[in-house]
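Two complexes come next, and they have one chain in common, subunit A, joined by subunit B in the first and subunit C in the second.
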Partner chain A sequence: MAFNCELKTINAIATISVSGELDRKAAPDFQAKVEEASKQDITALVIDMKELEYMASAGLRVLIFAKQHMPNVTVYVVGAQELVADTIEKTGFNESIVMLSKYDAAIIEKN
Partner chain B sequence: MKSLSVPGVLDSLDLIAEYVMEAAAEAGLDKKATYKLRLAVDEIATNIVTHGYEEGGCQGDMDIHSEISDQYLTIYIEDTAREFNPAAKIPEELERVNQPINERIIGGLGIFLVLDGVDDFIYERVGNKNRNTFKSKIPESK
Partner chain C sequence: MPIERIDVHPTHKYESFKLRCGKPYPFGATLVPGGVNFSIYSSLATSCTLVLFQKHAKEPMAEIPLPEEFRIGNVYCMVVFDLDYENIEYGYRMDGPNDFQQGHWFDKTKILLDPYAKLIGGRDIWGVTPDWKDVYHHRAKIANEDFDWENDKALEIAPEDQIIYEMHVRSFTRSPSSGVREKFRGTFAGIREKIPYLKELGVNSIELMPIYEFDEFENSRPNPETGEVLLNYWGYSTVGFFAPKAGFASTGKLGMQGDELKALVKELHKNGIEIILDVVFNHTAEGNENGPYISYRGIDNKTYYMLTPEGYYFNFSGTGNTLNCNNPVVRGMVLDCLRYWASEYHIDGFRFDLAAILGRDPLGYPLSNPPLLESLAFDPVLARCKLIAEAWDAGGLYQVGSFPAYGRWAEWNGKYRDTLRKFLKGDTTVGDLAQRLQGSPDLYAPSGRVPATSINFISCHDGFTLMDIVSYNYKHNEANGENNNDGGNDNDSWNCGWEGPTDNPDINALRHRQIKNALAMLMVSQGVPMILSGDEIGRTKNGNNNTYCHDNHLNWLDWTLLEKNADLFKFFKDCIAFRKAHPVLRNPDHFQNRDYVGSGYPDISWHGTKAWYADWSNNQTIAFLLCGKHAKQGLVEDNYIYVAMNMHWETQWFEIPGLPSQKQWKIFANTGANSPEDSWEPGTEPLLENQNGLLLRDRSVVILVG
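And now, the complex of A and B:
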């Protein structure tokens, strides 16, 4: 299945929406978007995973990259599907990022 | 089920995933077991392409076949890249070298997802080939 990702930045919050299947072949596209976001002056990075059907460790690697290159930015993962969330939790990544079932402005947009 | 032979490149990952999911459906695996099996095979196939062929400086194929017995769906992948045991302990030298933390973590993550994803995982070196074997239990019919 194809992979697609888009970046939108509003009010110092960058949102990357990912969809389809994120394997090692697709990961560089995701990484490129994270790199683009890291050059912006943002306080939060939101990864919208509502439409993401599958994620391999290559996807986790990009999340590690995000955390390392933006240490002062909070990374949120929003709407991860059950089996994708499962992978994030069993590998302990849920301790490095904030997982939300949906976009919660009260949490994400706090100053 | 028929076998699949694909080039050892990242473009083949999609084809391998399709094959694995078809086999899982035929075996009657549930959604979660199918996802985990697909993930396990994907992690190994990715390693074959990147650590086996690309870093080894050679090209070759990945041959995949499957067997369904009463108890298990078994998937085999064979490749002709250099010997690479995904579950081998990281040599002590690598631990001492100042390797970036993300490289060490990622190596461990992939194999963790493989071992977590299937009921049995076996690596063998058979002649000049690596053979990775994945076994998933077939749910008992009531």
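And now, the complex of A and C:
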């Protein structure tokens, strides 16, 4: 399934919604959106993965890249499907981000 | 705007592929701007073709011959541009002479695995039956080698401070009783879930049995009794030295085994635990003249294998072939490999299987100054890694005490294992025991080697578990399907009165006591202690001392034993904590057997049932006293420690040597007492009532601290 990603920023919280399959060909699109978000003045970056079916190692690297380039921003991954959530956890990346099963305003918007 | 280099664009074309001559280093497949650099060595190939597959495809999608102008010396190197490198697999066809007696086995109908492959496909999920008609079973893949280590680096724990736990990745968490989530069982990610357990036990180093790519289906055959498939479970048969086994990763099917293993190493380091890899450079999975073509045989047979003058494979490993380790090219491969694991995976150390082979020349003669061992000992990247040798091989070369060490190598001390097992049944002189407890100075001091040279162990993956050492007199390997002919016969074990499982409470109590005796002596010995995973909970393999082929409960750790044998776990935990609390047990140098700090006590003194008088003629009773002021050669002050051992069948009274005034003896451990009073958390030890002596029941060990 084709990859799609969209960026919306509200009140210093950037949300990138991703859908389809995030493989090596799609990763540059995702990376471009992350870079765009990083130029804004945000406190949190939310990656909405509810519609993401598959993430390869290239996609994982964009997430890590995001965290490295925005050290003062909390990165949330919301709604990751089982296979995607497993991959994040098995490679240890879950230690650097906050994984939530759904968008929880109380946590994300607390700033 | 930076000006582009003038040498990174394509210069050749083949079908739709854009190519140019590559760089010879590094060997293997490396990502370069615009494409992938492939590099492979062969001293005698007359042609080389790169074969490309779409991932998992049956047939190749392209075969690109490397033109002569892409050869630098004996290295073929080529850059292929615009490759979808995550989704392809690659191999080589090589042509050249085929002459058995000369040792040449070139065959261009075979597709060969790159010896430097960093990831290998074909066995992505453990135990899934392969397609036997596959033209290329073990397929090289191209890895993203980046990883966010943050501040991680090798822990560099002092050699004498190590406490090693030997384990098998799959065995550790495969059983549902492990409580690990199903998808993670038997994998690197599964070990991460058990890090809290390892921390509670207190070990600070885990030694993993082979984790590079091997073929679990090698020699697979049905169990004659049960019909289940017996596999190459332990993995002492390398397919790819540079690639972590996909089947040991829960993300193996996604090709992310590299990331998963690195995440494990990072987490272990965060928790103060080192990781040592068991590496098998003595042979490969290609076997002898009847074995398959996987890699080396078709690339450069004569360079990589030790061959007889008639062209047959020397078999010093007992498995079919022997890697030609002291050939300069092979030596380079071994160094590149270990440097790769140390730098890319932050590995803390290596244990070399059948390491005596690493000291043989191409015709098998033992060398007094083997170039490979010397190179390893002085290598700049490996300088702080632990190097541990299993200092024998299957060709009769036994080098415990004489392994060429260059001041760096440690050894699995087989004599420690033999002496301690014999002592447990009263079968060896206490003089021999005394040497082992001191870090085997008889073996190592004359050549200036320190106590940490001696890796002390009583059990390991080869042979009985600790519980089985005290439950069986004889091996029971019928389940291996070799008529109980496999496995060693010199187990030095004693079943405590009955062969195998029993309801008799006295025998079971004696077995637990013997296990504690063994562990207590191990933890107060100078040198480096190593325990076998599961011994701390009384793991049994039902008397099988060679479970190399079992993918079942015989190998999978049964975590229900943690509750059943809680007394053992508590004892192990307390003893490990005791060792960590007392530097006098972990000296960097050997004892001098005299008082050199003026405390009034020698650094170590020996006693028997009478204080200050050891009876060296008996096989059952002995004790020693360590002077706390001599800890770490007098640099640190520690408590005095007294250890008494009674392997007699009757209770004995031991007179205890006196301490300097103001100090009093407290009792840390008494295996003769019932749990939980058999050991105490260090710092909570109770005062010994009678400071002059105490009764040790039959077959028990007491440790006092003052």
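A few notes on this one:
Criterion: the second predicted complex is superposed on the first by the 111 of 111 C-alpha atoms of A that agree within 3 Å, B and C clash if a C-alpha of one lies under 4 Å from a C-alpha of the other, contacts with A are read in each partner's own complex, and residues count from 1 in each chain.
Basically, a contact is a pair of C-beta atoms (placed from the backbone, for glycine too) under 8 Å apart; a residue touches a chain by one contact, two chains touch by 3 or more.
As the structure is a computational prediction, the values presented were derived from the model and not from experiment.
After superposition on subunit A, the partners subunit B and subunit C collide with one another.
When the two complexes are overlaid on their common chain A, residue A:Ser57 makes contact with subunit B and with subunit C alike. In the overlay built on the shared chain, the residue A:Glu89 is in contact with subunit C alone; subunit B does not reach it. With both structures placed on the common chain, the touch criterion links A:Ala12 to neither subunit B nor subunit C.
By the touch criterion defined above, A:Gln68 lies against subunit B and subunit C together after alignment on the C-alpha atoms of chain A.
By the document's definition of touching, neither partner reaches A:Ile107: not subunit B, not subunit C. Among the listed stretches 78-86, 402-410 or 582-590 of subunit C, only 78-86 clashes with subunit B once the two complexes are superposed.
Once both structures are placed on chain A, subunit A residues 23-24, 56-58, 60-61, 64, 68, 87, 90-91 are touched by subunit B and, in the other complex, by subunit C. Of all residues in subunit A, only 1, 21, 23-25, 54, 56-58, 60-61, 64-65, 68, 83, 87, 90-91 touch subunit B in the complex they form. Residues 23-24, 56-58, 60-61, 64, 67-68, 86-87, 89-93, 96 of subunit A are the ones touching subunit C in the complex.
Across the complex, subunit C meets subunit A through its residues 84, 86-87, 144, 146, 148, 183-184, 187, 189, 192, 249-251, 254-256, 259-260, 262-264, 266-267.
Residue ranges of subunit B in contact with subunit A, taken from their complex: 10-11, 13-14, 17, 31-32, 35-36, 38-39, 42-43, 46, 49-50, 102, 105-106, 109-110, 112-113, 116.
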